[in-house]
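Heads up, the next two complexes both have chain A, just with different partners, chain B and then chain C.
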Partner chain A sequence: MDFDFSSLFAFLLFGVTIGVVYGIVALGISLIYSGLDIVHFAHGEIYMFGAFFGLVFSHTMGFPYPVALLLAMVCAAVLGMGIERVFYRRLTKGGGGYTVAGMGMIICGFGMSIVLMNIAFLIWGAAAEPFPVDLGMPFQLGDITLPKSYALTAVVAVLLMAALHYFLKKTKLGLAVRAVAANKDIAYLMGINVPMMISLIFGLACGIAAAAGVLIGPMQSVQVEMGYLMLLKAFAAAVVGGFGSLPGAIAGGIVVGIAENLGAAYISPNHKDIYAFLLLILVLMIKPSGLFGIVARVKA
Partner chain B sequence: MSIFNKNFIAAGMAGVFVAGMAASAMSADIRVGITMRMISENGQRYGQMVMDEIDMINESGGINGNMLKATLMNDECKSDKGVANAIKLINQQKVHILIGSTCSSVSLPIVDITEKAGVPQIIPHSTNDKITKKGSAWVFRVPVSGRYYAGVNAKYVGENIGKKIAYLCAADAASQNDCDAMQSQMKSQHGADPAYVAQVQEKEVDFRTHMQKIKSAGVDGIMIAALAETMARALTQSYEAGIPASVRRIGSSSASNSPVPSIAGDAAKGVFFAAAYAAADSRPIARLFNEMVKKRYGVNSPDHDFSQAYDLVRITEIALKNADLKLDDENLAADRTAIRDAIANVKDYNGLASGPISFCAAATPQCRDGNRTAVLIAYTKGGKDYKTEVLARVTMPIDFGL
Partner chain C sequence: MLKVSGLSTGYGKLQILRGIDLNVAEGGIVTLLGGNGTGKSTFLKALSGLLPVWEGSIEFDGQKIQNLPPHEIVRCGLTQVTQGKDAYPAMTVEENLKLGAYVRKDKIAIAEDLERVYSFFPRLLERRTQLAATLSGGEVQMLVIGRGLMARPKLLMLDEPSAALAPKIIMDIFATINRIRKSGVSILMVEQNVRMALLLAEYGYIIRDGVILIKGDAKDLINDPNVKKSFLGGTVANSTHEIKA
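Right after this comes the complex of A and B.
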């Protein structure tokens, strides 16, 4: 194909719009990591549950799409807090990172991923469900057609980032969350309810993942196995952006999205997922702390 | 010893004899092993249809007085699980015949196992050419082979749509085969090279870069060869990218699966594909079958995977009735051979498939690709209550594509 700037712009746009979805999921993964020093491997399934919650609220119960989005976030947050309280609490109390409990948490996350997938299978079955949402005619930017669902995703991603930033930096509760993230023992001595803050971190992260699930529903379809590839891409985004960095998660998602689209467009169209993971390897080789430069460390 | 005790011992011996006879009768079952992809709702229904039809044979007296004992296993369309299932069914269950699998990538390695073990394998859904090209004397295919589908599609596309075709091919074995065969047929029939080719992952979510490039290439048609959900996503995104309906969308064999129109909705309208069965078929047998599937499984327009599952059981039933079976452990190998030879003797079976199905003894694709009639179908309406129309019905020459 001949090079032209219109096509380049299209590929960049596609990269950004899918990249923000990776970024939103990565945001939750980074939030949990920054708070608890653990990597949550069941996050892809929370994203999938969020998509199904959105489908149920929007199509079965007839709520408007924005309301369904909010309700799905709340339900996923409650689900995440419940999982943390019932299954993860004993491990999160033991610490994260390179501790035995931290390793246990990784394995527990894998197990939870399979459990959640099977529960979803029992509830909704294996068939992919369409999630059509009428957002009106797509935007026409010259030769490029951009459905409004993609634009909405980008807007919601920015809003979520801003809201999370405001919550963490400008509210007392956010300060408590940051204190727990920095040092649980000292936070406890200062009178902060550490277990509740850990639950809150999980709830927030799961709510954010649900938002990504509901936003991607209209672009594709909703099915039980949708979380697996998204989790891998989100991990790539989180690592590229800098694990634990919230702005880095969104930026990493966008970089991953652009890399895979440009790779497919100008290098080879085959197996475009490869480019995301090549980028991941490249970043780990050159700048292991990621683009936003969080220095890897084991917290107290 | 009192008379009472003698009678007691006699009664005991009689009991042992009866129990022995009962055990002997139980071992006279014809053991059928089934491994299929049952990770989707329709996948489960196909497996259930095979089991239900076997149950109905048993309810009507079995095969020459012998009951069929079926074991259904889920291979999840994964080669390793399919192989493990086949080994278990052959060596532990000691099945007389193996049915499976749904996916070509699973059926292909199983062919080697059934050949080595000497177990007849009858395939319900897999279309990959290589399955019968392996030259196993033990394999039989009920569905139409990919080589015939490609021939029919290429002929129709070249004569009615154009020669500038883009291809999106998923990485699974059946889609790859459909894609390669179509490109090869477009080249041999019309001298046309692909305008664009991309291989995509089975769970790919974003096709817009491909669609943008296809749009820029100004093609006459797009062939999307992928499993149902992936195909539906690609179809939807082809319209989102602004590729007009005048660029015809060509589906691979899995386009006949109901999730394609259900998920793609309006984007499925106009998509056409080659299949073995059309729900729009007006024959009485097809009408009755459609009603039965709707009643039993709640599916309005059964796709060809339903019809092929049904035809497979009927062909197996015919073969088992004609096979001289001893059904004891000593004659297991002989019984398996007898079943294989009986399937090879099935000629001109007229069931739901759009043409007759015939097998023969040679271990060649000509003998083991029993169904040569493909029907070209187009969706006239998408969504859950989708509708189809038949564009053409073609029986291909036996050597076609070899």
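Right after this comes the complex of A and C.
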């Protein structure tokens, strides 16, 4: 029996595409983690809101898909910054200054996740909404048919990563964000408005999550409960790549995406969502600092 | 230039400083001396706004700055170089220095100041693209002092710049601090190297258990037996300089 290389290639391709989406959500989670030392458990819901924002802008209001994508990112960024300002900041202030508030922060994140899910439920109901986007004919790569939405997803995700990288490494504001992530007291002494930077970090992370939502929407559908699975997979991606590391988040996302697609193809398609967590557990057993071992240089 | 009156502060409910009065005149070096855990760093943290001021007032350059947020205090021209040699290890030497100039917009003057810092510390120039993590202890101390200068402060506060350094490096650092003063920056220097600090400074304060025990002209303090005693923990009897200034 001949091994079908072209379908293997297709699975890999789809795996990478979905993987970069996990990667950019993980990027946001890592960004918030490196900025605030907290795992933002409501991040999946921000992603879900992003998807609904995209749906509203493109279908209800009739904006073109790319415009809807941008608007959804902006709205989610504002939403995230609002949540940080109104809720999280009170907790971080508890310790006097911007220090970790530990458990309280985690519980607040979980609570926020439930609140956001119920708000979405009140607005949009529980049914899965289709998010059809007509991007034209799929690409034909040899035997493989690649829907345009996949190609677009990969391109946008890569652009977002590149933009974020440029921002963090090459701009003065990006330097300040890295400074805040590495040491808040020293950042203050540099004259950096630390609370404002943290707000910015939240905005960026939430905007990116919304982009993921709008990109995934057309491939699946949009529904209130889509957030938690994304959170868990992005979390797996972040851990696999080395928690808090930005390049690790992307690499981890791709690894998770590939594992999931290969697992579904060659082991069993009925348990597609399990593979990410099997991988997570394996990585934690064998190399808890993450596959890419960049964890030592997490900060800044 | 800096006038601190009756400053009290602490951590949570734990009071550390009990009514500190301290002045720094323009263009000079004032040193604050004291043993471990006497509250020197706590004092600087309160001045920088990293700790809330419980009581008292801080006037800098004619403006009340107590309880302003730290980033605004830096904008007033008051910069602190902390004790921990806290460079950003994952950033390059030059990125660290550029962060020091974060509050400034004058690109040309920033470039000039960068040159000035490199002229103070030529070793930093050789290592400008290296990560700060790869520097030696002495080089990191140079880096954080240079980074403090990049803000172009009116008053630079240095927290134990000579701590944990070799004698040769300590001499270099103190010589540079003197050059910095001559370039027109006032300095408030926290030290435990009593003799060196008093040789450099015009005026000194000795702190113990959160209160100022002795103060006076540096040249008088240097020969005052009570200064030594205050470090060893003995009782300090009627110091000749205590109330004078």
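Basically, the second predicted complex is superposed on the first by the 280 of 300 C-alpha atoms of A that agree within 3 Å, B and C clash if a C-alpha of one lies under 4 Å from a C-alpha of the other, contacts with A are read in each partner's own complex, and residues count from 1 in each chain.
To be clear about the criterion, contacts are C-beta pairs under 8 Å (C-beta built on N, C-alpha and C of every residue); 3 or more make two chains touch, one makes a residue touch a chain.
Just so you know, these numbers come straight off a predicted model, no measurement behind them.
In the superposition on chain A, A:126 contacts chain B only, with no contact to chain C. Legend: residue contacts after superposition of the two complexes on their common chain; A:7 is shown touching chain B, with no touch to chain C.
Judged by the touch definition given at the top, the superposed model places A:229 against chain B, while chain C stays out of reach.
After overlaying the two complexes on the shared chain, residue contacts for A:190 are found with chain C alone; chain B is out of touch.
Of the two partner chains, chain B is the only one touched by A:271; chain C is not.
In the superposed model, A:182 lies in contact with chain C only, and not with chain B.
Applying the stated contact rule after C-alpha superposition, one finds that A:73 touches neither chain B nor chain C.
The partner that reaches more residues of chain A, of the two candidates chain B and chain C, is B.
Overlap of the chain B and chain C interfaces on chain A: none, as no residue is touched by both. The part of chain A that touches chain B in the complex is made up of residues 1, 7, 10-11, 14, 18, 125-130, 132, 138, 140, 143-145, 147, 216, 219-221, 223, 225-226, 228-230, 261, 264-265, 269-273. Within the complex, the chain A residues that touch chain C are 96-97, 172, 175-176, 178-179, 182-183, 185-186, 188-194, 297, 299-300.
Those residues of chain C that touch chain A in the complex are listed here as 12, 48-52, 69-71, 74-75, 79-80, 82, 86, 88-91, 95, 98-100, 102-103, 147, 151. Contact residues of chain B toward chain A in the complex are 39-44, 171, 196-201, 203-206, 208-210, 212-213, 215-217, 228-229, 232-233, 236-237, 240-242, 259, 262-265.
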